[in-house]
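Look for subunit A in each of the two complexes below; its partner is subunit B in the first and subunit C in the second.
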Partner chain A sequence: MESVFGLVGKDFAIVVADSSAVHSILVHKTNEDKIMLLDSHKIMGASGETGDRAQFTEYIQKNVALYQFRNGIPLTTAATANFTRGELATALRKNPYQVNIILAGYDKETGPSLYYIDYIASLHKLEKAAFGYGSYFALSMMDRHYHRDMTVEEAIELVDKCIVEIRSRLVVAPPNFVIKIVDKEGAREYAWRQSIKDGSVLEA
Partner chain B sequence: MSIFEYNGSALVAMVGKNCFAIASDRRLGVQLQTVATDFQRIFKIHGKLFIGLSGLASDAQTLYQRLVFRHKLYELREERDMKPETFASLVSAILYEKRFGPYFIQPVIAGLGDEDKPFICTMDSIGAKELAKDFVVAGTASESLYGACESMFKPDMEAEELFETISQALLSSVDRDCLSGWGGHVYLVTPTEVTERILKGRMD
Partner chain C sequence: MMKIDFSGLDPSAPIKGRTDELCGDILATPSFALPTTHDFDGFQKAAVQMVKPAKGTTTLAFIFKEGVMVAADSRASMGGYISSQSVKKIIEINPYMLGTMAGGAADCQFWHRNLGIKCRLHELANKRRISVAGASKMLSNILYSYRGMGLSVGTMIAGWDEKGPGLYYVDSEGGRLKGTRFSVGSGSPYAYGVLDSGYRFDLSVEEAAELARRAIYHATFRDGASGGVASVYHVGPNGWKKLSGDDVGELHYMYYPVEPTTVEREMTEVSVA
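Let's look at the complex of A and B:
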């Protein structure tokens, strides 16, 4: 089961996701990127049904770009979160998307923010959030160690603590994770945490 | 578990002497897991009309957006605020529209009507109105709330005493319900002012 979690620090927000692409008992790949860059200052980590995840996040990404083309200014994080919730809510009673989303963004006026949007379109603005079986470990670690205005170093230390818990305590633990950060410089990949590298198993 | 109990909620509204109070818990959960402890369940429609929405959080957000939209249109056309009785009929009609695919919501409506006479009502998920002269309750803690309100309520309480009564009734009821709690949110409305207070209860 896929883990996605995120937290807000001082002038930045971080989203972490596991990177296994799994079908039943088979691991297709261990370097799947589940955190999509929506625009220069927004990232969206998603977990859930593989096809829905890929299609829905791309749909949101293209609509965010379209807004910017039409209106000349980018959407705020709050507006993006509400748009995403609206799309999930409209589809809910027709053809539901089974995707859980953690949306993080940096706005010049309001600073960093994080939104929790679950697959039945409940939206809430939070400082720390997590989805999946990993959430039982990540949320507890964050409840213990998180405080307001953490520096990047402190936040990454906390993220690593969460990853260690997930790896050691979850029976089908994902081996690899990707960490992305968004701050006033923009949204970018921060690091990978890999305990299995693709293609490293057998070398003839 | 029923879909009405997915997120957990507790709502109560009480009538006093020329005033009313409406209170809710603050927990947002996903079944056994608590996601947030600052979730807003009571919304202002206009200065003298509040609606609390218990049940599925996603439908509460969707329904709130639809109701604000309808009220804003009404205000533009009629050039006045909606009376609480009218608003209750509107909510009832909107819920019954979805008779065979309902919103999983139980609303609690509280307002000051003509001559600032307090009005409260609740309805089920398909819009069956339940008017009351004393108190109305909704949510996963509703059974405890009925008991607490029945024993603590007195007619014609002044604002401060009403606040005390509704707060005690809410906190003691949510303490017996694992799906609601994490504090309380109380709005006390008199003809001249609206007071919003946060209660600290058992944080579990």
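Let's look at the complex of A and C:
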């Protein structure tokens, strides 16, 4: 099961996801990017069924862009989170999407925020969250070492601690992780943590 | 006491008339008693079922310096019965794009043909060829919309477009992955091993073809659902070209020729006194 986790810092938010695309015992890819940039100041990390993950996050991304085109202003992170939850809820009793989502964004007025949205459409605004088998290790690490208003360096140190713990304790540990950050400057890729380099890497 | 299950080997003719116990024992298939456990085979069967990829085939494709190499076996199986040894599993979508078939043969053939039609319509409407990314996305969206309805497709779309060589893995669960090396089917773990260890980006066309052929051969050797003929195609800047189609039985003796064993003492005919 894919690991995604995230936390909120002083004026930024970070989302981390593993990057393996797996089918039962086979690893098809070790550099799959599961954190989608929704717009300039929002990132959405998703874990779950491959098809659902890609299709649902792209659907949300296109709808966020459409709102901006129609109305001239971007959606707030809270509005995006509620829209996403609403889409999952509507589909839930017909054709459910099996995706767990961690949505992080930076709004000028309210600063950084993080939302936990699971596959049965529950929504929680949190300071730290995690999904997948990795959550068993990441959650307690974050509970222990997290504090309000962490700097980027402190947050990355905590993220690395979580990654090391997942790598050493999880039996089917994913080798590679991608870290993305969103702050006043915008949403961007921060780093990869790779223990296996994939041949000649062609980014999706 | 549980007896080992040889019912698959039962002789077919039913016995007419009354069968007495003795007759039944003599004519029954020979079997032996198993240890008295609850479910002797169950754990092994369950583990293998969970882990072995379902689609009975081996296909692989990889990108290298000179383009994309695509290879597949040609066996079709229905459970334990081999229904054909000469199935074309590499489907020619158009002169510069190939698709591989794994899963349901009808599903793959139909949807690849359908994709070919849509690609041609795209060309006519837009006056330019469709990209590999675009074609694979079209197929992936179609398969996603049929999710849960029982389609079984595990395919790779390989082609050469304006951006150079492209390779995408698309399956009936709606997944679509861009990558440089993929193998699909029940023989894919075996093929991956050979492919990963021999792969380099700067292979020549002949070396890459040999790597692909060898990987398919090794998968057919170990996987019962793969076999027949190992076909190898190359997609270059001017389109695809079929490079070879070798029977895997013959490949076996080519890679592992029979050593003539020395005979200790020749047997001579005994002359009748």
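Keep in mind that, in the parts below, the second predicted complex is superposed on the first by the 199 of 204 C-alpha atoms of A that agree within 3 Å, B and C clash if a C-alpha of one lies under 4 Å from a C-alpha of the other, contacts with A are read in each partner's own complex, and residues count from 1 in each chain.
Keep in mind that, in the parts below, contacts are C-beta pairs under 8 Å (C-beta built on N, C-alpha and C of every residue); 3 or more make two chains touch, one makes a residue touch a chain.
As the structure is a computational prediction, the values presented were derived from the model and not from experiment.
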Subunit A as common anchor, with subunit B and subunit C clashing or fitting: fit
Could you read off the angle at the CA centre of subunit A, spanning the centres of subunit B and subunit C, to the nearest 10°? 120
Which partner does A:Lys29 reach: the first (subunit B), the second (subunit C), both, or neither? second
For A:Ile120, using the defined touch cut-off, is the partner it touches subunit B, subunit C, both, or neither? Pick first, second, both or neither. first
Just to be sure I read the superposition right, which of the two partners does A:Leu92 touch: subunit B = first, subunit C = second, or both, or neither? first
So, A:Gln55: does it touch subunit B (first), subunit C (second), both, or neither? second
When the two structures are overlaid on chain A, which partner does A:Val172 contact: first (subunit B), second (subunit C), both, or neither? neither
In whole Å, subunit B and subunit C in the superposition are separated at their closest C-alpha atoms by 20
Going by the contact definition given at the top, which residues of subunit A touch subunit B in one complex and subunit C in the other? none
Show me the residue ranges of subunit A that touch subunit C in the complex, using the header's touch definition. 21, 23-26, 28-29, 32, 49-52, 54-55, 95, 198-202, 204
Counting only contacts in the complex, subunit C reaches subunit A at residues 50-53, 63, 140-141, 143-144, 147-148, 169, 171, 173-182, 188-189, 192, 199, 201
Of subunit A, residues touching subunit B in the complex: 85, 89, 92-93, 116, 118, 120-124, 126, 129, 135-136, 139
In their shared complex, at which residues does subunit B touch subunit A? 6-7, 28, 30, 33, 35-36, 39, 56-58, 61-62, 101
